[in-house]
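Below is one structure, written out as structure tokens; the observations come after it.
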């Protein structure tokens, strides 16, 4: 039984982690920490949990974590995570960060795009990028995992194997992505203008070409390609709660391939993956199929006239794009079957 | 391990049953029957299941059910259920009907409202109304259970105890109900006009005062009150997928009561119920809280000026209003803990 | 040509007024005032207006209004309206207030429900309740009109004639109302929690029995009935932008009536009304039919068992529930055909 | 006063035409034809029109059209339009076809993509492609206009001037488009699966690279470029009613340009256009801004690293993508100011 602490238990990420872990047969939530709501029951802060737990929120506390938890999920923003992560490791705990602080190989990239100094570069240096399909063995051994961003996951999973084998070119890959509003969090947010009346019956791009997930995508695609890769990343907002659908246009690589070749490569590469589903046709990939699951679904179509590869990928941004993937890493870190607690939802 | 067959596996009800039961630790889906899709894999008919099962749909077959299943869920419409139910019982199986065929005490009421002859009144006579909070012991022993309608469940659970103890009057209870579109099924339906463009950004009543769930509500409220009860039932369509929110206006009964009295009665009556949640205030009852769960949430407010009791109740029409409740009955029938497989969803 | 000023031009009400009046052939927007955005073009503050006007927002200014406008719409909150209204009248202008400050006959009711002192009771005393179907002649002559609330309009229009002629009882009328989110305005609002993720796929009641529109409904229903009327008003939020659908349950009055009687009375009473549409059946009343129009649609069904009258009414909360109705009053005040600028939308 | 007939008055296109033309001060609807509903009032077939017209639907009839109309809108599918168009012209009428039958220069392209023989190639030969910004003078003189497709309009308006002046390359332009469901019509449609439960909270591609609008886009882009242009067109469905948002990725052309250059070219080319709005930034282009209007909004961003041009374009598929644009052509054909009846909606 893995004993789990959560820092930032009442935010969107914290809430989703609690809900997944309450149903996880090999995990026990032992320490739910919240700076501003400590002392109250978690099901008072999050009434959706009524009937499922009588846990009380507590002030975060290193000694408490060390005594009661094996791993702590960091579900907070920025500075706090960089403050806590090294202390948790020093206290003998393992950590899984759901923010952006432990995703980048180069702290300078983090600092440029997030506009803040990285205060624990040594911890960053040992952090493992928490994409199990690419880094499974390193995650198993990691003391700290940086959970990938939601948009990057939709782009990296289909593209990495194609870049590695030269089926697509690493230059100027167009990543046209559409996300539901749960990605914007549970409070008002100037950048996404996430009021109902601004989003309902609406669709628009935001942060085109300059979104913080662009350098993260480029980091991983470059590693996969073995040469610098570049993307044109244009995120948009969809009038729905959950899910990201990403359509990708890439030039053929050194080894131009047919649709069948692309599908075959993926099926070979991901044959043993429990959470990857390859579909024959682009239009079979839907947000409905991945809704509230840990699957990443994708398909490809090669245009015979232009040799361009078109990909459509879908996932649930809160489960596969954040908290489900985080729990998948936890399962690996503690030697549990990787799918534990993640295979089903209650319809 | 309960061995489960499903008749009508690819409809809206069948799909939800499969998804719940795949995650149920004490059930095994052994026989998925479909008249029109037999021979194909269920995850081809329902791609959302890809990766979770390799079961193949089969033609329904009594000997097959008898050999391989302990219980069969009837997830079909009308005549088929009345045809299969007696044969399944005769074959030594137990049956849980998710349609309307085994809900009424009086076949004449069924015949009047459903416009078709009841062809197995004897089976109907032994059927138990599958509302565990009211008929738990009878369900345990039942050979056949008729799962309640979704709307009736939202009205009966809060009203039955209040009627039983005289806190509300059984006369002319206004039941103003709002349902998401999943209740209208997976094909086009003239009555609900369930095209996206007819429902999006729209709301309207349908079948006011004459909906088939009205006599079902009245049957159970009358039994609870010990005297004939009548309702004005006005269902409406909400532009969303899942959930029913019902607002009820009832006159005070012989024993007029305050808001606190009503809440206290419910808390006493439902103290041990795992799937009932009582909230202090009407505005705390939301569809979001019950989304894809087996909970029924409700609250009350007594108007001090008029002595009217106002109730708001919410549930997920597919889980608590149909398939989750059906599995809850299955758990009871086979001596399993009642909440098995029903407590969580994957966020 | 009526010269029009607007105070609070960039809020939800101001924006809708501008859009209606830009298309109004007998009105000219001469003074668009905004406290915080003066000096900028209105189509910069409201990009939806690009291409339709090059007007510049200005600081509100009494002399400016007096010189350039015949009427000023007050599209601001609370205190500001009470400050400006008497000054505008003193300056020889006429005023149409879209807030709650000039709706109540009794300032004490306003003060109790809005929690603030009414600072210009004399102006309130001369204000006319801007419901043309009830007060057409008085509106024509009014110096100041208080535009009704959106919810009250849905309840008063169908109920007033029935109360006046004794077809329904004035006691304990249940008004169960469902509104889209545009009613919650264009900024975050604690009471309605109007973030997309809190409203999408959700429905819930708010302010049950204590919403500020309840006393406004009771004021007008009491006047219509000639005796005190009382309502149980329960507003809810619908996951859509525009529209209110209200279902009403009332007891029969001294003169019990059939469905046909109710429809006939309405058709007689409202025969000449350009913006009232009576439908034969409850389920023909839909939000889609009134979307972005100035119509109020309703129908009735009398329950033969209980003699209760069930009514469903629909309107667009921003047009018929606020700005369209305000322009309808302006048309009356300035001797224009009442429907000018209000009959059509561009699909 | 232009006398207008409509063939197919009760479909989605017919309904929108009626609503626009009822508010058009220089048009009179004289002949509303419907094959299956003749003899009934149009506001019975389309209750949203209640109170706006008492017109009765009639059987289509050439003599009737000739006697009573100056122009007939063809709002029907396929074969019917090809049957009626030549007869209307022969009868001295002008025609505006809202389908695909009169959009293609080459009947063979039509036949290949629509799978049916073109039965009036002579009429097609004289038809003008009804995009006023490109063919204004020819539309003025046309006897028959083929209204462009909704998706093509979003791609052609921004791309045509850039191709004409060499700012983008005509090769392999990625057109990633997202449409609301009103584009799928008012009946169930296998290709778009337009039931509420299949579209709500969902997003998916359909007909990728093979949609019938692809050759239409290529026809017009090739003409603009003066050389064959090719597109990768991937349409998707958005969970909303109205609007298309299209994101385009194109390579730089012979004359690579900055963002400012692209915006400047558009502003010069479209300076006098009443229905084109150029925005400085991609994220200012929203479906909300064009909702139920005749505007086409767009913006561009040139990626300095890759020299790719990224464009976001938005329009209302029913107004600017079909019926509004059709009325714009009618205005031109009859010498009316081009914006007549099209500038405003009632908020």
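Brief remarks follow.
Each chain carries a letter (A, B, C and D) given by its place in the written order, and its residues are counted from 1.
The rule we apply is simple: a contact is a pair of C-beta atoms (placed from the backbone, for glycine too) under 8 Å apart; a residue touches a chain by one contact, two chains touch by 3 or more.
All values derive from a computational prediction rather than experimental measurement.
The chain with its Cα centroid farthest from the Cα centroid of subunit C is A. Taking A-D and A-C together, the pair of chains sharing more C-beta contacts is A-D. Subunit C and subunit D have CA centres that are 36 Å apart.
Subunit A and subunit C have Cα centroids lying 46 Å from one another. Each chain gets a centre from the mean of its Cα atoms; for subunit A and subunit D, those two points are 40 Å apart. Of all residues in subunit B, those that touch two or more other chains are 198, 200-201, 239-241, 288. Subunit A meets subunit C in the complex at residues 181-182, 184, 186-188, 194-201, 239-241. Per the touch definition, subunit A reaches subunit B in the complex via residues 15-16, 19-20, 22-23, 47-48, 50-52, 201, 274-275, 277, 279, 284, 288-289, 292-295, 297, 318-319, 323-324, 341-347.
Across the complex, subunit B is touched by residues 171-172, 174, 176, 178, 180, 198, 200-209, 230, 232, 234, 236, 238-243, 245, 247, 249, 282-283, 285-288, 291, 301, 303, 305-306, 308, 310, 312, 314 of subunit C.
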